[in-house]
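In the part that follows, the structures are each spelled out as C-alpha cells.
Both complexes below contain chain A, partnered by chain B and then by chain C.
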Partner chain A sequence: MDSLRQIFFQECEEQLAELESGLLEIQSGGADDPEIVNAVFRAVHSIKGGAGAFALEDLVRFAHVFETVLDEVRKGRLTTSSNVIETLLRSADVLSDLVRVARDGGTVDDGRIRTCSDELAALSGVPAPAGGAEEADEGFDDIGFTPVTVALPVFDDLDISAEPEGGTEYTIEFKPYPSLYSNANEPVVLLRELSRLGEVTATCDTSAVPNLEEIDPEGSYLSWTIQLKTEQAEDEVRSIFEFVDGDCELTISDASGSTASAEPVDDEIEALLARVRGEVEEAPDAIREDNNADAAFGSFGSSNAVMGQLEAVEAMQAEQPKPTAPAPQAAANNLVPPPAAEKPGSPQPEPAKPPAPAKNEKGATSEAAQTIRVDLDRVDRLMNLVGELVINQAMLSQRLSEAGLSRSSEFATGLDEFEQLTRDIQEGVMAIRAQPVKSVFQRMPRLVREVAAATNKKVRLVTEGEGTEVDKTVIERLADPLTHMIRNAIDHGLEKPEVRVANGKREEGLVRLSATHRSGRIVIDIADDGAGINRARVRAIAEEKGLIQPSAQLTDEEVDNLIFLPGFSTASTISDISGRGVGMDVVKRSIQALGGRVSISSRPGEGSTFTLSLPLTLAVLYGMVVTVADQTLVVPLTSIIETLKPKPDDVHGFGGDSRVIGLRNNFVPLVDVGRELGFRSQAADPGAGVALLVESDGGGHSALLVDAIQGQRQVVIKSLEANYGRVPGIAAATILGDGRVALILDVDAVVAGARIGNLGQEAVLAMAG
Partner chain B sequence: MSEMSAAHVLDKHAGTARELIAFAVGKQEFCIDVMSVREIRGWTPATVLPHSQSFVRGVINLRGAVLPIMDLAVRLGFPPTEAMGRHVIIVVQVGSQLVGLLVDAVSDILTVTDSDMLPPPDVASDMAKRFVCGLLAMDGRMISILSVDNILPERDDGEVQ
Partner chain C sequence: MSKTILTVDDSRTMREMLLLALQEAGFHVLQAEDGLKGLEVLQDQRADVIITDINMPHLDGFGFIEHVRRDSTHRAVPILVLTTESDAEKKNRARSAGATGWIVKPFHPVKLVDAIRRVSA
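Let's turn to the complex of A and B:
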C-alpha cells in the first residue's frame, strides 16, 4: 500500500506539473487548443480519482470543485479571461499544497481553501460542496423533488421514477472487461463517483459468473445496470467513465428523456424494455438453480434471444428523434472509434463512445513517448561501470602507444573505434541521468505569483529553453539557488509599479529565466528589466558593514560582485521575501559546490542579468592536469581564469612567508600548491613554474603556483571518502590514463588554507614510492 | 584494551579452526584472519595524500576504486618499507572500507585452533597493545595475530586525524 501511495504522489507531482504548465499555456493564449484544456482537466481529474482511492477527503472535495470549473472551460461555457486564469492558477497552488499535506502531513490554511473553493464555485455556478454526495441530495431536496415509484413487478430492485423536474434519468449499462481490472480500476469507485452526481440505483448482474472451477481469477464476470437521476449533463456522467474508456462496455441512455416525451409508443417500448431486462436478469437464476446442462443451454439460448430483442428495442428507441439522447450502442458500434482524447469545448453533445477496440488503444499509446521508471541506483552503477570503461580504454591506448605501435596499424584504428564507442556509451548513460530543467523551472511561476503578491508588484515570468537537459543531481541542487535569485530579482530588482510607470516602463515587470547549452555546460540566465544594481548604494552598504575599505578602488564589475559577499544585504528592512542577508553568498556557494559559476551584468535603469554556468554532470569534470613536486594533480577548469608564466620580477615577498604576484596593476596572492599540500617544505621557484589564476570563494583571485601543465582532460570523479576520508585541500580523486590515481584540487580550500597559514603537518614525501 | 580484544577473539572462535594468513613485516611475522582478506596484489606506486599520517602511503587504483595503502611497518613502529616490485599489498575489508596493507611478503596460510593461540604478553610496546590481539607459536616461530580494526587511521567526522 505504501508503495502504491508513493506512486500516487509521484503521479500527482507529474499531474500538478502538467496542470500548471497547461494553465500557463492557456494564459499565454493557448485557450483555443482543446488539447491543452483537456490535459488540464485530466490532470485534476486523475488527482481526484487517485485521492478518492486513498480516501483523501479534503483533496477529493477541492479537486471536485476545481474540476467542475475546468469542465465548464472545456465545454466552452466559461471563457478563460485573465481573472479566471488567475483563480485557476491559485487553485492549482492550493491543490498542490493539499497534495503535499496529504503526503507529508501538516495543514493547509483552511481559509485559503475556502476562499479558493468559493471563487471556483462562483465561476462554475455550482455551490461548493461541503461534503460530496449529501450535498447533491440536498440539491434535489431544495427543488422540492419527490420521487414517485412506478411499480414494475419484474423490475423490483430498480427504482424507476417519474421524471424529476429539471433532472434527467439515465440508464447506464456498464460491463467491465478484464482489462479494466488489470489497469487497476475499480467499479466501486466509479459507482461512488456516480453517486456524487445524483441518486443512483445500481443492480449487479451476476449471471455471467461461472461455476467455481471455471472461474478465471482475472476474468470479469459482473456487469451493472445503473439508474441515475441527476441534474448533470450526460457528458458529466460519461466523464466518470473516461478512464475506463475501452476497458468496458458502456451504454448510457437517457431513460427519462423517453418517458418525458410521453408518446404512447415510447411507453410501450419502455415497458417492453423493462420486461426484457427483467427476463435477462432472471435467466441466470434459472441456470444456477438448475445444474442440468441442457437446461442451462436452453436458458442461454433464450437469454440470447432476449438480448437480441433488447438491442432491437434500443435501436428503435434510438430512431426516435431525441436531441439529447446519445447514439445507442447498436448504432455506435458502427461508428469509427473516437480519437484517443476527446475534443472538449465543442458545444454540441458528444457522440457516444463505443468501447474502443484494444488494438486501437495500443496504437494510440505507442505514439506517445514511452518512459520507464528506473531505480536511480541502477543508473549510477551503470555510470560507474562506464567510468571504468573510459579509464580502461585510456590505459589501453596509452600502453599501446608506449609499445611503439604505429598510428596506422590495425590495432590503432581498432582502438580509435573503441574510443569512439566508449565515448558514445558514456554520453548515452549520462543522457539517462539527464533531465530537462523544466522540472525546476516550472516551480518558478508559483513562486513569482507569491512574491509578486507579497511585494505588490506586477510580474510576468518568461521561461525559455525548458527542454535543456542536465544531470538530475544538478537539477535537484539548482532549485534553491534559482528560488533565491528569482526572489531577489522581484524583490530587489524590479521597481514598484508606480516607479516603473514614472520611468516610462510598462507597469508589469519582466523576469526572464532561460537555459541553453553552451560549450559542454548549461548556462542559465535570470534577467529582470528592473532598475539594475544601485552601485553607489551597494558600495555604501559594503563600507558600512566593513566588507570593503572606504578607500578601495573598485570597478563596476567588482562593485556588482560585492553582493555575493557573506553578510551583505541591501534591503533596508528585512522582508519576508528576501533580505535575510543569507541570499547571494549562499547562492554563489551552492553553485560553486556544483562546479559552476555565477556572474552578473547590470545596467542602471535597464535591469540585471545573473548568469549561472554549470557542468552538465557531476560524474565527470574538465580539469587541467598539472605537476606539483612530482605529483600529478587535476585543477578543475571552471575555477581557472587564465594561466601565466610568472617573471621572477613580478613576485614579491609579502610579510613573513607569503608572496604576491603583480598582475596588470594588481597584486594577487601567490599560493605555492606544493607547500600548501605539504609535498615540499621549501618554497618553489616561481620562475621555474606556471601560475594558474583562479577565482575562489567570494570572487577573490589568487595565483596557484605549480611546476608544469600536462594538459586538459575530462576526468571521471572518484570518491576518496569511500575507503579513506576527507583530505584537506583535495576535492576528490580520479584515475588517469596511466592507471594511477590523481587528486583533484579543492581550489577554495587551498586558497583559504594559504590565507590562514599552512594547512597542517607536512606529509613525509620521501616515503612515496 | 588488548586483553579485551584478545579475549574477544578467543571467545568468538572457541573450539573452531580458523585460517590465518601469515606475512612478514621487517624481521617479524604477523597474521590476520583470512576472512577479512579480499585479495593480494603486487606493489604499485601510490599517489601521495597531502597531510596524511606517516603510515598512509597514499592511494592506488584498484579496478576503478581508490584504495588507500597503509605501510604496516610504519604503523607497527618499524622503519618505513622501501617498497619495490616484490612487496605485496594485502587488500582487507574493514567495515565497509577497503584498505591495502603494504607488507614485505606473504608466507603461509595457517589453520589453527584456539588452543594454539596465546594471549599477548604484557609488554610496554605501544604496537603490541594496540594491534596485537594474540600470539601463535609454530615450529619455534612466533607469529603475532593482528586486529585489522585498529590499523586504519581514526576517522573523526570523516576527517583524517
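Let's turn to the complex of A and C:
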C-alpha cells in the first residue's frame, strides 16, 4: 500500500503540473481548445479518484467542488473570464497544498479552503458540501439505477447450500431486451447469481421464438419465470438485476402477493419495446436476402444473442426435459436454458487460449518504453566512468604525439575517432542527467500569484524556453535563487499599478522568465518592465552602509552591481516577501557555486534584466591550465575575463605586500596565486608571469598572477573533498592527459583570502577616484 | 484457468490498484493507459472482462466501449466502467455505448471481484 501511495503522490505532482500549465494556457487564450480543457478536468478528476481510494476526504471534497466547476467549463456553460481563471488557479494552489498535507502531514489554512470552495461553488451554482459525506446522491432517482451499495461477501465465502428457513418466496418475471445481450449481459449469469441467494426454480418461456428464417440475429425471444426461496431481502434480489436495469422487463413479487412492479412501464420502455418489435419485423427481410442457410448462420456466428438462445432451445428439445429444473444444480450442469451461455463469437466459454506471457509484457512495457526510472547513483557511476574514459583517451593522444607519430598515421586517425566517440558518449551520459528547466519554471506562476497578491500588484508572468535542458543538480539548485529573484523583480522591480498607469505603462506588470542554450551554457533571464534600478538610492545605501566611499566614482554598471554586495538590502523595511534575510549576495553566491555568473542590465523606467549563465553540467569544466611554482593548476574559464601580460610599470605596491595593477584607467588587486596557496614565500615577479583578470564574488575584478599558461581544455571534475579533504583555495581536482593530477582553483576563495589584511576592493574603487 | 482482465485507465494509481486487487483475486491482468492503447492490446490479446475508466485522453471510455462493441472478436466481452457516484449521467451514457455494468470508485476489492463475477460466465 505504501508503494501505491507513493505512485499516487507522484501522479498527483504530475497532474498538478498538468493542471497549472493547462490553466495558464487557457488564460492565454487556449480556452477554445477542448483538449486543454479536458486535460485540466482529467487532472483534477484523477486526483479525486485516487484520493478517494486513500480516504483522503478533505482532498476528495475539494477536488469534487473544483471538478464540478471545470466540468461546467468543459461543457461550455461557464466562460473562462479572467476572474474565473484566477479562481481556478487559486484553487489549483489549494489543491496542491491539500496534496502536500495529505502526503507530508501538517495543516492547511481551513479558511482559505473554505473561501476557495465557496468561490468555486458560486461559479458552478452548486453549493459546496459542508463537510462530512462527500456528495449527496442527488439526481439518482431520475436515472433509474443506483450504484452497488450491498456489501456482498466474496462468492467463495457465501454458503449457498444454506437451506432457507421460512424465507420469502419471490416470483420473478424476467424478459431481456436485445440491449441486454448487446451490452454483454447474460441471463445465465443472472440465474447463477440468483441461485446464490437461495433455492431457484426457473421456467423458460420459448413461445416467442419464431421460425428460423424469421429470427433476428440481434433479437431477444426468451423470457423466464423464476421462483426464488430466500431469506434475503427484496433489495438483495433486486441488486442482482442492477446491471440490467432498463435492459429487461422485470417484475419481482413475493408470495404474500404484494407485487413490486419493478419497472414502471414508462414511455422510454414503451419506445424501446416498439423499437425491438420493429427490429424483429424488419429482420426477416435481412435474412431472406440470403437464401443460403449456412451463410445466414455465418452471419450469426459473428456475434449475436440468438445464437446462444437457439442452441439453448435446441438442447432443451433434444433432451426433452421439462423446461423447469431446480436451478442450483441446473446452473452447475448447464441444464437451465442458457440463452447466451456461449459467447457469440467465442464458441468456448473458457478463455480461448492461455494468455501468452510475452504478449502480456507488451502491455506493461509499451508504457515503460517511454521512460525508465533509474537510480541516480547508477547514472553518476556511469558519468564517472566516462570521465575516466575521457582522461584515458587524452593520455593516449598525448603519448602518441610524444612518440612522434604523424597526425596522418592510422593510429592518429583511429584515435581521432576514439576521441569523437568518447565525446559522444560523454554527451549521451550527460543528456541522461539533463532535465528541462520546466520543473523549476512551473513552480513560478504560483509564486508570482502569491507575491502579486501580497504586494497588491498586478503581474503577468511569461515563461519561455521551458524545454531547455540542464543537469539535474543544476536544476535543483536553481529553484531558490530563481524564487528569490522573481520575488525581487515583483517586490522591488515592478511599480504599484497606480504608479504604472501614471507613467503611461500598462497597469499589469510583466515578468519574463526565459531559458536558452548559448555556447555550451544555459542562460536564464529574469526580466521585468518595472522602474529599473534606482541608482541614486542604491548608491546612497551603499555609502550609508560603508560599502563604498562617498567620493567613489562608479559607472552605472558598477552601481547596479552593488546590490550583490553582502550586507546590501534596498528594502528600507523588510517586507515579508523579499525579505527573509536573504540578499542578492546569497543569490549570487549560490549561482557561482554552480559555476555560474549573474549579471544585471537595467534601464531607468524600462525595467531590469538579471541574466544567469550556468554550465550545463557540473561534471566537466572548461578550464585554463596554468603553471604556478612548478605546479599545474586549472582556472575555470567561466571566471576569466581576459589574460594580460603585466608590464612592471603597471604594478604598484600598495601598503604591506599588497599590489595593484593598473588596467585601462582602473586599478585591480593583483593576487599572487603562488603565495596565496603557499607554493612559495617570495612574491613572484609580475613581469615574468601572466595575469588572469577574473571576476569574483561581489562582481569585483582581480588579477591572478600565474607563471605561465599551458592551454585550455575540458577537464573532468574529481571531488577533492570526497577523495582527500577540503583545501582552502582549491575547488576540486582533475587528471590531465599526461596522468598528472591538477588542482582546480577556487577563484573566489583565493581572491577573498588575498583581501584579508588588504584594503580590499572598496579601497581600490575609492582610490580609483 | 484464471480469467484475463483488461484494465484501461489513464491514472497510474488506479491501474496499480486494480492490478493489486485483481492479482490478489487470482486474475491475469492486462493494462492500457487510454482507450486507444486498450484497442491496441485487444488487437492481439483477448480479455474475459474489461474494466475501463471514462475520462481518458486520446480515446475516452465511451469511445473505447463503442469500438469494442463494433469489433466482431470482442463485442461480447463484458465491460465494466469505473465511475464515481457523482457520475450518474456518465453511467447512463456508458450503458448506451454498451457497458455491461459498473464499479463505483473508490472500490473495495471485494466489490470489484463481485462486479466481475456478476458479468462473467
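Quick note on the criterion: the second predicted complex is superposed on the first by the 513 of 769 C-alpha atoms of A that agree within 3 Å, B and C clash if a C-alpha of one lies under 4 Å from a C-alpha of the other, contacts with A are read in each partner's own complex, and residues count from 1 in each chain.
One rule holds for everything that comes next: a contact is a pair of C-beta atoms (placed from the backbone, for glycine too) under 8 Å apart; a residue touches a chain by one contact, two chains touch by 3 or more.
Note that the structure is a prediction, hence the values are computed from the model and not measured.
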- Is A:727 in contact with chain B, with chain C, with both, or with neither (first, second, both, neither)? first
- Determine, under the contact definition given at the top, whether A:600 touches first (chain B), second (chain C), both, or neither. neither
- Task: Tell me which of chain B and chain C touches more residues of chain A.
- Result: C
- Query: What is the contact status of A:740 with respect to chain B (first) and chain C (second): first, second, both, or neither?
  - Reply: first
- Message: Looking at A:17 after the superposition, I want to know if it touches chain B, chain C, both of them or none. Which is it: first, second, both, neither?
- Response: neither
- Report for A:45: first if it touches chain B alone, second if chain C alone, otherwise both or neither. second
- First, second, both or neither for A:184, with chain B first and chain C second: second
- Item | Touching partner for A:64 - first (chain B), second (chain C), both, neither | second
- chain A residues touched by both chain B and chain C? none
- Message: With touch defined as at the start, can you tell me which chain A residues reach chain B in the complex?
- Response: 384, 387-388, 391, 631-632, 677-679, 718-730, 733, 735, 739-743, 759-765, 767-769
- Note on the structure: Contacts from chain B onto chain A in the complex sit at residues 43-52, 54, 57-61, 63-68, 71, 74, 80, 83, 97-99, 153, 155, 158-160
- Query: Which positions of chain C touch chain A when the two form their complex?
  - Reply: 1, 3-4, 10-14, 16-17, 20, 28, 30-33, 37, 40-41, 44-46, 48, 55-57, 69, 72-79, 82-86, 88-89, 91-92, 95, 98-107, 110-111, 113-115, 117-121
- Message: Under the definition above, what is the set of chain A residues touching chain C in their complex?
- Response: 3-4, 7-8, 10-11, 35, 38-39, 41-42, 45-46, 48-50, 52-53, 55, 64, 134-135, 137, 139-140, 143, 145, 147-148, 151-155, 182-186, 188-189, 193, 240, 242-243, 246-247, 302-303, 340-341, 343-346, 349-356, 359-360, 362-364, 366-367
